Each structure stands twice: as C-alpha cells, then as structure tokens.
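Let me begin by handing over the structure; questions about it come next.
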Amino acid sequence: MSNKRPILSVENLTKVFGGVVAVDNVSFTVDEGEIFAVIGPNGAGKSTLFNMITGVLPSSSGNIYFQEKRLNRKKPYQIAQMGITRTFQNLEVFDNMSVIENVMTGAHITMKTNILTAGLRLPSVKKEEIKTMERAIEALEAVGISDLAYEMADRLPYGSQRLLEIARAAISNPKLILLDEPMAGLNSEESRQLVEVILKMREKGMTFLFVEHDMETVMSISDSIVVIDNGVKIGEGTPEEIYQNPQVVAAYLGDEEEEGVEAYA
Amino acid sequence: MLKVNNLHTHHGYLHVLNGINFELSEGELLAIVGSNGAGKSTLLGTLAGVYRASSGSIEYKEKDITKQNVQRMVSSGIILVPERRQIFSSLSVKDNLMLGAYHRYRRDHKNVHNEYEEVLELFPRLKTMLNRPGGLLSGGEQQMLAIGRGLMANPKVLMLDEPSLGLAPLIVKDIMQILRKLCDERGATIILVEQNVKAALKVADRGCVLAHGQIVISGTSHELLNDPKVQEAYFGKVEAAKV
Amino acid sequence: ACSSSDNSSETKETSTEPAKEDAATAEPSGDGEPIKLVGIFSSSGGAAALGEPELETIKMLVEEKNAAGGINGQQIELITYDDKSDQNQAILAMKKALTQDEATVVIGGTISGNALAMLPLAEQYETPYISLAASKQVYVDESGKARKWVFKMPQDDQLAVERILQYLKEKNLTKVAWLNVANSYGTGGHDEFKKYAPEYGIEAVIEDEFEATVKDAKPLLTRVKKENPDAIIVWGTVQESAVVIKNIRELALEMPILASHGIATEQFIEVAGDAANDVILPTGKLLVADSLEDSNPQKEVLLSYSKQYTDKYNKPASTFGTYAADGFNIAVKAIEAKGTDRAAIRDFIENELGEYIGVTGIFNITPDNHMGLAPDSFEMVRIQSGEWVLEN
Amino acid sequence: MNSKSLKLIYNNSILGPIIFFVLLFCVPLVSSSNYLFSILTMVGFYALVCIGLTTLTGYAGQISLGHAAFYGIGAYSSAVLTGTYGLNPWVAIIIGAIISAVVALIVGIPTFKLKGYYLALATLGFGIIVYTLFKELSTITGGSNGFFGIPPISLFGFEFITDTSYFYLIWIFVFFAILFTRNIIHSRIGRGLRSIEGSEIAADAVGVNLMNYKLQIFVLSAIFASVSGSLLAHYVSFINPDLFVANTSIFFLIMVIMGGKGNIWGSIVGAAMYVLLDEILKHYVPMLLPNVGGQFEIVFFGILLVLTLIYMPDGLVPRFEKLISKFKKKTPTNGALQSTISANATGGDNK
Amino acid sequence: MEVLSQMMQLLFSGLTLGAIYALIAVGFVVIYNVTGILNFAQGEFAMLGALTCISLVNMNVPLWLAIILSIVIVAAIGGIFERTALHTARKSSVTTLIIITIGVSIALRGLAILIWGTQVQTLPPFTDNTPISILDAVLLPQNIWAVGISVVILILMMYFFNYTFVGKSLTACVVNPFAARLMGINPEKMSLFAVIVSAGVGALAGTVIAPISGATYDMGMMLGIKAFVAAVIGGLTNAPAAIAGAFLIGILEAFTEGLWSSGLKDVVTFSFLLLILFVKPEGLFAKASGKRV
C-alpha cells in the first residue's frame, strides 16, 4: 500500500447501552485502499461499532471522521450519501423487490430523479433508469448471481442474499464499504470467490472495513486488523502481528489452532 | 431410527430436493455440506415439517411421519435449530430459552429447570444477559441463544442449520464438542448442516455432500475428510486466496 | 323486528298485485305521465329511527290510496330509496329519482344534511320536493326567501325553541342552563335559542354541548350545578338525552328539566326509566291526541293516522311518520287538482292549498313561507309515570 | 441493452391508461343517463383520493386513517373561498391544495417518526381533530349545519353543471393523477418508497432519506385528496362536516385495499367497486329478499368485503393480473418464475 | 369544599369512562399481542354482549345468568369470526387483515340492526343503583362495578402475560410465528384462544356499559376508537399498560369536559395522544422492542 492517506478515523469511541458498555474507548484509523478487519469474540462490540460509524446508533462519546469530516450525529442516509455503504450481519434485503431492483435501489444516491421529474417522466429520467439497470446487472455479475436477477429477493438462499447485499452496497461506487461478516453462510469455495471480488473492487479504489469470524479469510486478505474484546481494543496490527499477540490468542483464537497458524505464519 | 426415502420437495415451480435417501441410527451424527442454494436448508425444513415433501417418505422409529406438521414433529422430539436464528426478539433471553421447552414444559417441569441451568453453563455469556430482549443480543449471542433454545427441547433428533454461523472460533469448537457429547451420552441423533466443513467433519460420524438437491458424495467423515474432491472444494481456501 | 324490516331500500311497488295491473291499464290522467312518487329516507344508518316510520307511513298511505283507485283513477308508482343517513348516497338517490325515475314529486330527506344536499338538484331539475327534515335552511335560502321547489313538513326548530321559551317565561324560570347535543340537530336548536332567548327575557347561565355518544355527562353537569340555574334545557335526541337526564337525576339536581321534541317517543321513557319523570317538552300533538279537546280540528286526523299506523305495523305511531303523512297528503291534493305537471303542482301547493289541517299541525303555506306552521303546532307535555300528560 | 430491458421489471407502456381512458370517455356516446354519470363522477372523486392513498399505503407502507381530513380541507377551502369570498373556483382549488400540502407537512414531520399502527392512530387522531374543527369553527364553516351555496366550477365561461361535463372534468384529473403517480412508482422514487417497506434500516443505509420520501408522498396524497374534495364541493354545492368523519377515511382505506394496495389501478377499481357494490346491493338485495331493509345491504357489504379479501388478499387488480399472466404465459423462458415474479414485484399494470 | 367535590365528581366520572375503555382496550391488546392484528371489530363485541344480555333479560333470564350467557355467546361468535375470517386469511398482509376486521364489524353492525333494530335499549344495573354520596360527589354502584371489573381484569392480565408460561407463548406467536411453530407452539390455536378471550372480555364490557349509557347497534365504533387510543397510549403490546392508558384517557376526558368544554373533548384527547406519540413514539409504558441490526 503506497498511498497512506487516512480515510476513516475513529477516536475514543464509546457506546453504552443502559449499564452495558458495548464499545469502550476504541480508536483506530483506516487508510485509503486498505482492507481492514475488525475481529473479536461474540458480543465484543464489533457490530455496534459499525452501527455507530454508519449512523444507525448514536455514539455515547468519541468521534468518527471520514475524510476529515466529522460523522457524529449524521443520519445514516447522509453518511451513505458521503460514500459509506454497508452490509448487515443479519441480512436486510428488500424482500418486497426483485433482486435487480434491490441493487438498483442501492444506486439511489447516484441518481438525480426527483418526484417532479419522475412524475413527468422526462427523457433524462428514462436514460438514467436504463443506465442504472445496466450497472445493476454488472454488479450482480461481479458477485456471480446475475442469473437470479429477476427472482424475488426473499426466495434466494441465505448465501446468495449475502452476495446480493454486497452488490447493493457496491453499486453506488462508495469510497468505503463496511461488511459485517460477509463470509457467514458461504462455504470455502464461495468465500474464495468473494475474496476475489473484494480484491477486485479494491483495485477500483474502494476501501473495506469488515468484521469476520472466518480466520482464514481474515488472515489472508486484510492489511490491518483491530481486535476488540468486551468493547475494549486489545490489539492492532498486521495479520502476522495479531497472530503473535498472546492476548488475542487467549481471548479469541484459542491456543490450539496451530495448524491454521502455520498456514499463514 | 430415521429413514429418508427418495425425498422430493418443491418451492413453487422450483424442484429443490431431488430424491434424497439416507438412514440414521440412534446416537449418530451426520454432517451435511454443500454449496449455497444446494437445498440444505430445504432438506432440514422438510424433515422438520416446515415444508411439505412433494413425494418420498420420512420414517422415524418405523413410523411414517412425512405428513406430520411441525408441532407433531416437535412433540415427538424432532427439533430444528433454523437458519437465521429466529429469536423471539422482544422476549427476554430467559423466556426464549424456556420456550424451547414449550412442548414438555408441563410434563417435565423439573427437568426443564435442570436443563436450563445446563444450557447456561454451556453459554456463560448468556448468563449475564438473562433479562435482555433477545433481539438486542449480538449476532453470535443470538446464535448461542438459538442453539441453547434447541437444546432446551431435549431433542431426540436435533437438526442444526449452520450453527457455527457468526460464532467466534473458540465457541465453534465448544459447540462441536457439545454436539458430540449429546450423541454419545444421551443417544441423540444429530443432523448438522455446516459451511465450516472441517469442524463439522471432525465430530461427525458420517458426512454427505449435497448438490442440486441430491446427495453426490457420502461416507464416513474420515472418508470425506480425505476425499480429494471434497478437499479441493472445501479446504483449498487458504492457498487459493493468497493470490 | 319483522315489521321494521318491512321496508326495502329500493322497491318499485304498486302495492297489491291486482292494483298493479290496474296501473298498466288505467287511463292516464292529465298529460299522460304516470304518477311517480319517489321517497328518499334514512331507513338505515344513524338516523334510521327517524327514517323508518317515514318510510312505513308512505308505504302504508300509497297502498291505501292505490287500493282506493289511485289519484284520479291513476295508480301511484312509489319508488323508495335508503340513503343510509349518508349525504353522498342521498345525492345519488336524488339524482336517480330525478333523471332515471323522472319523479313527479319527491318526498324525503330525513335529516337536514341530506335534505340540504338534495335540494339543489330539485331546483335544478324543477321538481317539487317535500322535505321531512327540520332545518330552516331547507326551505329558506341565504337571502331569507323561500326556495322555489322545496316545501317542508316538520316544524322548524325555532318553533320548538320558542315554545319552550314561552313556557319558561310563563313559569318565570329566567336563568337557565342550555345543553345541546354536538351535531346539526343540537347546534340548530342552539342557534335558535341564542336568537330568541333575549326576546323572552330568558338568560342562559351556561351553554354547552355533549357528544351524541355520551356515556357520562356528570363532568359537564358539575359545571351546571355550580351555576345553579332555574331550569335545564337538554336539547338532543333519545339516547344522549336519556343519559344526560339520568345523570342530572343522579346528581340530585332539583330544577325542572326541559327537553327537545326530539325525545318525544315511547323509547325515551323506556330508556330513561324513572329519570324520565317530570321531564317537560314540546311535542307535536300526536302523543297527546287523546287528551286534546274535541273541538281541536286536528284531533280526528291525528287519531285516524295513529290508529291506521298502529293497526298496520303493530307499534305506536311516531311523530316522524306524521311528516311523511302530511307530505304525501299535500302531494296528493296537488296532483288531484293539477295532474302530473310539476310546475302546476308546485304552484298549487304554494298558492292554492290554503289552510290544510295536517297531522303535524295546521299548514298555511304561502309564497313566502313554504312550511306554514306556527308555534301552536306544539303542545307542552310532561312525562308522568311513563305517560305523556298535557302541561297546562 | 435498451429500454426493452427495463420492461423486464417495469411496464411503463402508456398504452394501457390511454386505452382505458379513451374507452371511458366514450361512455357518453353510448349512454346519456345522468344517474350513470353521477355514479361515475362519484367514483372519480373517490378514485382521485385513493390514487394518492394507494401510493402511500402500497408503496411507502404507511397506513393513513386521516385522509378524510384533507378531502375536507379541500372541500371547505373551496366552499369558503368561493362561497364566502367569491374567489374563482380554480384559484380556490389551488389554495385548498396548498393549505392541505402545508398541513400535511406540519402533521407529517412528527408523524412519520412513528411506525406502523402508531402512524395509523396518529392520522386517525388528526382526522378527528380536523373534523371537530369543521364542526366547532361554525362562523367560518357553518358548523354542523353545513355550508350552503357553493358555486359551480367553470372554465372559459363553460359551467360544469351537467353530470356529463363533471364526469369529464373529474376523470381528466384522475387520468393525470394516474400517469403522474405511475411514473413516480416506476422510478428511483418508487424504489425508494418500496425499500422503506422492505427494510427501513437498509433503505437508510443505501442513502434513501426515509422521512423525506414519506413526507413527499404524504403531501402528494394530501393534495390529491384536497383537489378531490374541492371538486366534490363544487359538484354538490352543499357540504357538512359529516362528509369528513373518521369513517370516510376508513372507507377510503377499504377501497384501496379492495382494489389492491400495490397497484394504482387498484384505486380506481376499489372506488368503483365500493360505489357500484352499494348501488348493486340496493338493486338486488330487495329482489332476492323482498321485505328486508337497508340493513341487510350493510350485512352483505360487510360479508362481501370480508370474502373478497379472504379470497383475494392482495385485492382485485393483482388477482386479475395473475389470471391474465397465467393465461398469457405459455412459453416460460429460462426462469420459469421470471415473468410472474416481475409482475408481482412491480405490481405492474394491466393492459 | 365545592371545588373538592367537583374534582371528586370528575374523578369518579373519569374512572368510570376509563374502566369502560379499559375493558375494550384489553381485548385489543390481547388480539394484537397474539396475532399482530388490530381488531376493529372489538367494539362490536361489546355491542353484541350488551344487546344479547338485554334480550336475555327481556326473556326473564336472571341478570347474572344473562351476563354469563352473553359472554359465552359472544366468545363463541368471536371464535367463529376467528375461524372463518382471520384464520382463512392468515397468510395475507396485516393491512388486509385489519380491513377484514373492519368488514366484520360492518357486517356485525348490520346484523345487530336486523336483530335488535336501531333503538336504544337498556339493561338494569347489576345491583341496587342508589347513588352513594362521597364528599358531596355521587358515585353509582354500577360505576363501582365497572371500575372493579376492569381492575380485576388488569390484575389477571398482568399475571397472565408476565408470569404464566402460556402468556409467554402467546407473545412468542406474534413476535415470530415461524419460530413459535418450531417450538411446538400452535399459533393458530393461540390466535383462536386470544380472539375468544377478547370477545368474552368485550362482551363483559358491553354488559357493564349498558346500564350506564344504554346500548345500540352502533355503540361499538366510538368505543373501539377510544379503546384503540388507550391501548396505543399504553404501548399496544402490554395489557396492563393499556388499562392504565384507558384510565388516563377517561380522566383526561372527564376533566376537560368538567373544567372546559365538551365540544373540544375529542380535540383534547387526540391532541394528547399525538403529543404522547411524538414524545414517546412507542407509548407510555412500552417494553423494549428488541429490534437492532
């Protein structure tokens, strides 16, 4: 990674739910073009972190900056309009639409039609629609489910719905994509393909921040990793560094995962 | 104990299960793997009575149960831990677990409470959040809850749809051990659908690969672990991804 | 229930079968048009209790008339519609009556809202329309002139209010509480009260409304109690008035209670029970027909209508039915005199009818007054152990 | 790819509406029954309200039980401005629509923070408040006595008094309303709206400003209702508050659901069904069961409504469409489900 | 002193109104909790209960028996309604189901006119109804009945939903019917059960109201709307909270009417409702919804 301009920085971020401190004073910086992983045991606060970055939850304290602009208090749709999109751990597809419409909706912010021009159906509107549709097909091809384009989204198997969410997040050409457990529900072959898709998108200039429990994937594609446990950051570094970190091993990886360790070390 | 004969299931026009055959005896653990959309969830759903088989039969203890509805399945001890967790989001963790024992709560009051303690021992994390609405838990915590809820039913046949999904590596290992123990100590029969093929085959007695609604490879888990085709499809990840 | 379900929302009927054949063969009178009488009533919905007796009365009278050979030997074809107490339905029905059925005369419009919605059509299609709704607006336009094609049978609320005010003045009850139901019936009464009370030297110490769905009016009555009026006027129809009057009794308020003519049915006594005792109200003469002096010109008409209705439907006649009866009889008189020419009918009613002794009262319709009733068409009555007793 | 590809998900052909309306506008050539036209006019009023409501309910997933209020605001604006102040009816209609839009905006901003039934109730409450105000502000509205003497509408000296002329007037409005909303639905805006029903959180995450869209559609539907109310006022020349009770709002919703809430044609079909069913029941119930009253029609109406919805839970139009597509689809291409799915997905138009 | 007695009087009225709304609101909540449907026919159950009871009394059935019988009859009607309408249409969208309940309420109202006509009818009070005077304010025994019954129902519901297993499983059905099925719970049975219970409670409400304000075929509509308001103020999913909401509304209405104006009573009530919704969109006593991503 040659250019090391930070794109997202999180400073002393904290989230308290009632009495529970879900995220506790976490800071890190993601550089442009990076693939950045957040790992940690269940309930560590990873999704909560994502929710704060994308504005779904307000933070209790701390700051989030995206390209030097402060994100706190911004609404999710505003954050999306700034160029951050995401996928969801528990899948949030628009199940009342077909697959392609799902993806076209993802392109929402790249389009200009408003209620008046739409109502009058100016020629520009039609042009824009066609263009978006073509791009949607491309996005679906990229994740490998273009043959399902005209299916209703809720009939897709679990794994394909994950891919659909990724296509939907990617179509608007965001600067930063947050993926919450993208590999969950995919087998190794499929994960492998997805990894390639991600790498390709990175080539196009997207930055990725992702949460994943599949260590093989994490170790193989991430440039940097942050580990949180119980809301607290307990480690940060390259995959190699993380694997050496005894605290991380004890809290998360388990010490007898030797075979895996050897594979990357 | 469980016998599946030439099972076919459709979703609307779509022919999803295309003649499934297998047989399981008491205390056996079967791992099912297969790619996305192969029909794994549909198979479990059909066995649990969620989907109606369009032809073929399911026999349990020599009885034909193909047409039984879900409630009947549950009361005969056939329990499904479904895809997507399906937590009762506004009910507390405790209530969620208790409802797992719904079908035997009245008969078996005392045991239910013992079981409850046991499940909490297995998932100490849940113990700290008994009164939190289930829907507010983290993904992994919800997964634990779903598995715990399945265990609360004291299943005779337990079917788990990707139980390791969203769980941290440490926990996955624990869960596999628990499942093994359930078979060995209680004589439960388990069908495990997993994407984490290695972990699953390590504890399973037998395994099979599902593709396009058919079982294409099946054998003991040892055989499968060493099957080159399986290896290529399921364990080759690291090298390939390292670009 | 049987008799009340005897009405239908659209029945083209020429009463009895043989009569129908007569109709087909009967020699047309005048200009040869059949006599088409359209009745539009609220026989279901909110105002059903009013609309039902109207419908029944019309059916009864048409049947009788046809059996007796019709008008000038021609059968009457009665077409009735139910407007479901809904304004839009009333408009549709009226439109159908005027364009499809080409009515000779339209009688109906049970409630003011519906009558008001219907009457522009009557004016537009130049068809005589005899309204059974109470509001003064029905026959008087904005400028205070009579509407050309509309006549109205019931007394104005104004007459009832004036009658009550007269009574209060006689009894020297000058400080009163005015309570009305919060709908057009209630506010209509209230407007008249505000207009005429000063003339009679009556002062309202409190004026307020209650809902038609009132369950408990005590909160309102606590305020009345504080003002300590000489009398309470409760202006509403049966159900809500019963609740309010019951509550007045429960709060042990001792002053006289006056009510509107809207509660003048047996039902009120049934629902209010003991609380109904000593309630004083203005009412048409129907309820007290028996106790009228023999010299009263209306007595005979009243008794015969009442008997005919009770015999046929096996229930006591209602004041609302009398409006329909008068409307029908006036229409018949006009048609007898002028045939089916609509303009002629209208002119007849306006100019040539003269004094007409009806069931509701004595009508003196003139070009300026398309109702023609006076306050003396009301009697003040007091309820005493379930009976209506003429109040001196 | 070209515009053909869009056809795979949206049927944007303008042919359907044009055929429909040309046929409709030809009715006066074959019939001159004023009664028929007054019924069709009534259908038109309701349909105009329902078009907006359908978009709101079916596409933005928001239930409003308060649209009678906007209908009323339009009617009273027209009544007061023309009746009392002598303004030109067209000006009054526009002012009424502006008032409704502003009110919708004011009500909508806090209301759309609510979800599901809370919203239904908030709008119901709003409707009842407005109704009460119509009644209580009697110096302006005439209170319960109603407002009398609303002048007819006219254009270039032509007065819309006859039923036929009014029939044209209202249905032209309906025609443009249909085109306009249909275009909206088959666009970025429509997807934005539907995404709200699919998953609010995900809609938010792809940058759909939920609040804004819901508000825009709410305002649009309020304007439709208001215009319809204004036209009604000029048609009947007398209005009173009881026309705008909560029940009216509920009946609008019934029409929308009966017709099919995911389809703008549903609003026309629903409105027509509602009015025609009433007229038909009025005609036939007494034939089948002489000697029963209007009450029986109510029972029938209720039961028919329930039966319709049990057997056609998505309403009449989608059911009709399914029949058509079953009939048409003899040669399925690669995905056997494809055409039905896309038809369902877009709630496309019948032709 | 006079002010105090007026306040007392208003409080009594408010409690009575509240009790009436509460009994119907409970039915709302029970059905909503189990099926996720807002049952617009809930007020009609009260109407049917009241009118059935009156008819039975007119046939010389003793009052207490008439009340029990009418509860049973209406509960049965509720059961039939659930089986024929809700159950058959259970796969439809919730909006459709709501409209179905509206359709049913329309049909029931028409049916009531056919059977009982449009006239007001009354029921004798449950016990001797001599007003009791407390600090110059009067209280009727029938009002005490109304309040008493709703308090008892409140306690029962609180116990049922919070402390019984069946109560929990009822809730489970609406939160996630699919999972409920997987636990062996039969949501359809639960839905039947819920509708029967709410119909019964509704009928009871009707018999309580009839002696106070009479009964007509169209009494259900407004009752239903007010009860709906009460339920929402309480939080819609929580029966005890709905009852609390009902009392709140009742008292608010009584005081508005007693101290200000009756015409604007509804405006005040609904403005209050809107205020609550805007400040606390999930209702005053809502439980956490358990929704996150």
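Order as written gives the chain letters A, B, C, D and E; numbering starts at 1 within each chain.
Keep this in mind: contacts are C-beta pairs under 8 Å (C-beta built on N, C-alpha and C of every residue); 3 or more make two chains touch, one makes a residue touch a chain.
Since we're looking at a predicted model, the values are computed, not measured.
With contact taken as defined at the outset, subunit A and subunit E are each touched by B, D. Interface comparison, A-D against C-E: more C-beta pairs in contact at A-D. Averaging Cα atoms per chain gives one point for each, and the point farthest from that of subunit D is the centre of B.
The mean-CA centres of subunit A and subunit B are about 28 angstrom from one another, to the nearest whole unit.
Here the spacing of subunit B and subunit E, counted between their Cα centres, is 43 Å. Here the spacing of subunit D and subunit E, counted between their Cα centres, is 32 Å.
If you average the Cα atoms of subunit B and of subunit D, the two centres end up 49 Å apart. Annotation for subunit C: residues touching 2 or more other chains are 4-5, 44, 48, 52, 182. The set of subunit B residues that touch two or more partner chains comprises 136. Subunit E has residues 110, 113-114, 263, 266, 292-293 in contact with two or more other chains. In the complex of the two chains, the subunit E residues touching subunit D come out as 38, 85, 88-89, 91-93, 95-96, 98-100, 102-111, 113-114, 221, 225, 228-229, 232, 236, 263-264, 266-267, 270-271, 273-274, 277-278, 281-283, 293.
Looking at the complex, you find that subunit C touches subunit E at residues 1, 4-5, 44, 46, 48-49, 52, 182, 208-211, 213-216, 218-220, 222-223, 226, 238-239, 242-243, 250-252, 267, 270-271, 273. Within the complex formed with subunit E, the subunit D residues making contact are 57, 63, 110-111, 113-115, 117-118, 120-122, 124-126, 128-129, 132-133, 135-136, 201, 246-247, 250, 253-254, 257-258, 261, 292-293, 295-303, 305-306, 309-310, 313-314. Residues 48, 50, 70-71, 74-75, 79-80, 82, 86-91, 95, 98-100, 102-103, 105, 133-136, 149, 153 of subunit B are the ones touching subunit E in the complex.
Considering their complex, residues 11, 33-37, 41, 83-85, 125, 136-141, 143-144, 162, 165-171, 173, 195, 197, 233-238, 240-243 of subunit B touch subunit A.
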